[in-house]
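One structure is given below, represented as structure tokens, and several questions about it will come after.
The chains carry the letters A, B, C and D, assigned in the order they are written, with residues numbered from 1 in each.
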Amino acid sequence: MKAAFAELIRNLHAKGWSPATSTNYSFIDEHQQCWVSRSGVHKGVFSEQDFMTIDNTGIGTGMFHGTKPSDETQIHLWIYNNFPEAKVILHSHGKYPVLISQFNEDFFPVQGYELQKGFKGCKSHLDSIEIPIIDNQQDMTVLCQALDVKKLAIQHHCFIIAGHGTYAWGADLFEAQRHLETLDYLCECEFLL
Amino acid sequence: MKAAFAELIRNLHAKGWSPATSTNYSFIDEHQQCWVSRSGVHKGVFSEQDFMTIDNTGIGTGMFHGTKPSDETQIHLWIYNNFPEAKVILHSHGKYPVLISQFNEDFFPVQGYELQKGFKGCKSHLDSIEIPIIDNQQDMTVLCQALDVKKLAIQHHCFIIAGHGTYAWGADLFEAQRHLETLDYLCECEFLL
Amino acid sequence: MKAAFAELIRNLHAKGWSPATSTNYSFIDEHQQCWVSRSGVHKGVFSEQDFMTIDNTGIGTGMFHGTKPSDETQIHLWIYNNFPEAKVILHSHGKYPVLISQFNEDFFPVQGYELQKGFKGCKSHLDSIEIPIIDNQQDMTVLCQALDVKKLAIQHHCFIIAGHGTYAWGADLFEAQRHLETLDYLCECEFLL
Amino acid sequence: MKAAFAELIRNLHAKGWSPATSTNYSFIDEHQQCWVSRSGVHKGVFSEQDFMTIDNTGIGTGMFHGTKPSDETQIHLWIYNNFPEAKVILHSHGKYPVLISQFNEDFFPVQGYELQKGFKGCKSHLDSIEIPIIDNQQDMTVLCQALDVKKLAIQHHCFIIAGHGTYAWGADLFEAQRHLETLDYLCECEFLL
């Protein structure tokens, strides 16, 4: 799992979705242990050794005891707590969702694309979909409160943080990647239009 | 053949033409057996084992007996039935044809490009070419009826499904790829203009 | 030389500069023998075996006796005859020069870019440069006559054929590549503006 | 260090940030020796042998005695003299900063992006950042005088030269790359808007 995830992270970097040392990633293993990507590692050289274990408050455990992961780990924990089906979370800085958030305030509306069926549960290009957009915050507690308010609107396993990037998740690596790629593609098409 | 086709599928994915688990592919082998790409496989890791045999109603046969491929297999069968020269079919979600379909309703008109000679039978950049655009449908029977209506207008070995993607085919892998790349390039140029 | 050239051709294809089976390439070896890329080979798999020898009328010689290369070989011969410093010629279908030719009729004007110094002989970003644009023709004799008329205006080792692509050349592979990349970059910047 | 730096240079080339033979790179090793990339090497094949030692006037030393590196070496020396924390300098011709410099004269203003935190010292997306833009010059003495004038405004470890490209630096390879990628991403987002 860690090897496959590290390879995916390197591939997402190759697409330009994690410039600088931005973005972070996590998963829950078969023992319900949460692993997150370590802070400050360049995603182009991310390896399976770059995941660390955390407890349910977001503090490093075991051989990572005392190590602090990225502040945004709080967002990962919020997602796992509120969407129990989530076992893998991907955070991307792909530029199209960031650009879309400059034109839309509360949510990104999509309709008419076959690819929206990439979101689990969406069955037709005719469905009207809304992807919530959350205001960016440096204070993760405030950001998670904003997520609490919009929780019911998060129906497609992903959301956008304005001027920042996207979070997408799934029951496994494959589904999380599918949701992320679906959201990015739809943002790119709508932005180019 | 299967190895070369699987490599092409991975290359098309690397171009961003099959985001999420979208797109599907098929070919007819030298024994007139039809093979289609299995459903739900991520195209970035597609291998020659990911093709399955089907009968002429689109149901899995042999060791794939009972397995159901993608619903869009019906479109592949429609193409093989109506264009006997087709032996390889490529379906792509490249974004430029999708974007073009937002500006054109019935067909995509092209003229003045040297590259349009990439379509078999087209001899000059001065030819006026029209690539049919079909409305998207979730019901494949309805979609194939729409194809029946436009059949005579399909003169360049490809068509666009609005908001969805393209189908392109040829007598071999090489020709099908040429038709697909030609259509995508022309859509990109016209969209950027 | 042939191995290095074949690798460059595959790299140019990876950039999307030779969609379908478009584009062609040539060089003159140390015995003054002219070699051209064989017709119809997909550039993504071009190998050193895919070059053929031709005589000075553009007909295959030696083991390629009687084989006819692409019609555009006449353009290569025109360049070698008129620009004796040319030993390597690259023809690209990169989309930005094609798009630029929709906005400019006779020439593409450039000024103010540091990168224009990539053209041999250009010493400053303040120089005003003009890259000739030639009307596209299917009849190579007519196209070469148009080149004759514009010959004096071809001062930067390259020209654009409208709706078609670019030709760029140099005293070696390295210089020809530099001229091609310079032209494409300048076309992209000006088009995006 | 040289091997890792050469690999980074090839990766930056693969992104299209060093077309033709443009761009140059340098670092200061643990003995305070300055190394610069040799002039005229294509960045797609840059190797660790392509760095040369220079003295503090920019002239080759040791086995490179008498070899002259690129004129722009003067800009590297200016940066090392004025920003002592700089140990690695990257110069890029990525097109977005070049395009941004056509719309902004004195500086490129940024605000509202999470990724601006990629600049060391920037703590919030709410910070208002200004990246200085310097007029391009062929005379490096004149260019460095313009840099002297703007020195206090250079607060984010990078600047843009109009119509030319960017310089970014850091205490190590990793930080310099982070600053370069951050600047390019912000320029791309703002240009696309």
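In this text, contacts are C-beta pairs under 8 Å (C-beta built on N, C-alpha and C of every residue); 3 or more make two chains touch, one makes a residue touch a chain.
Predicted, not measured: the structure shown is a model, and the values here were computed from it.
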Neighbour overlap between subunit B and subunit C returns none
Is the contact between copies subunit A and subunit B built from the same residues on both sides or from different ones, judged by whether over half of the numbers are shared? different
For subunit B and subunit D, let me know how many angstrom lie between their CA-based centres, rounded off. 45
Here the gap between subunit A and subunit D, centre to centre from mean Cα coordinates and rounded to Å, is 32
Mind pulling the residue numbers of subunit B that touch at least two other chains? none
Sort the chain contact graph into one of these: line, ring, star, complete or other. ring
All pairs of touching chains, each written as two labels joined by a dash: A-B, A-D, B-C, C-D
Partner subunit D, residues of subunit C touching it in the complex: 11, 112-115, 118, 123-126, 174, 177-179, 181-182, 184-185, 188-189, 192-193
Give every residue of subunit A touching subunit D within the complex, in rising order. 19-22, 42, 44, 93, 95, 98-99, 102, 136, 138, 161, 163-165, 191
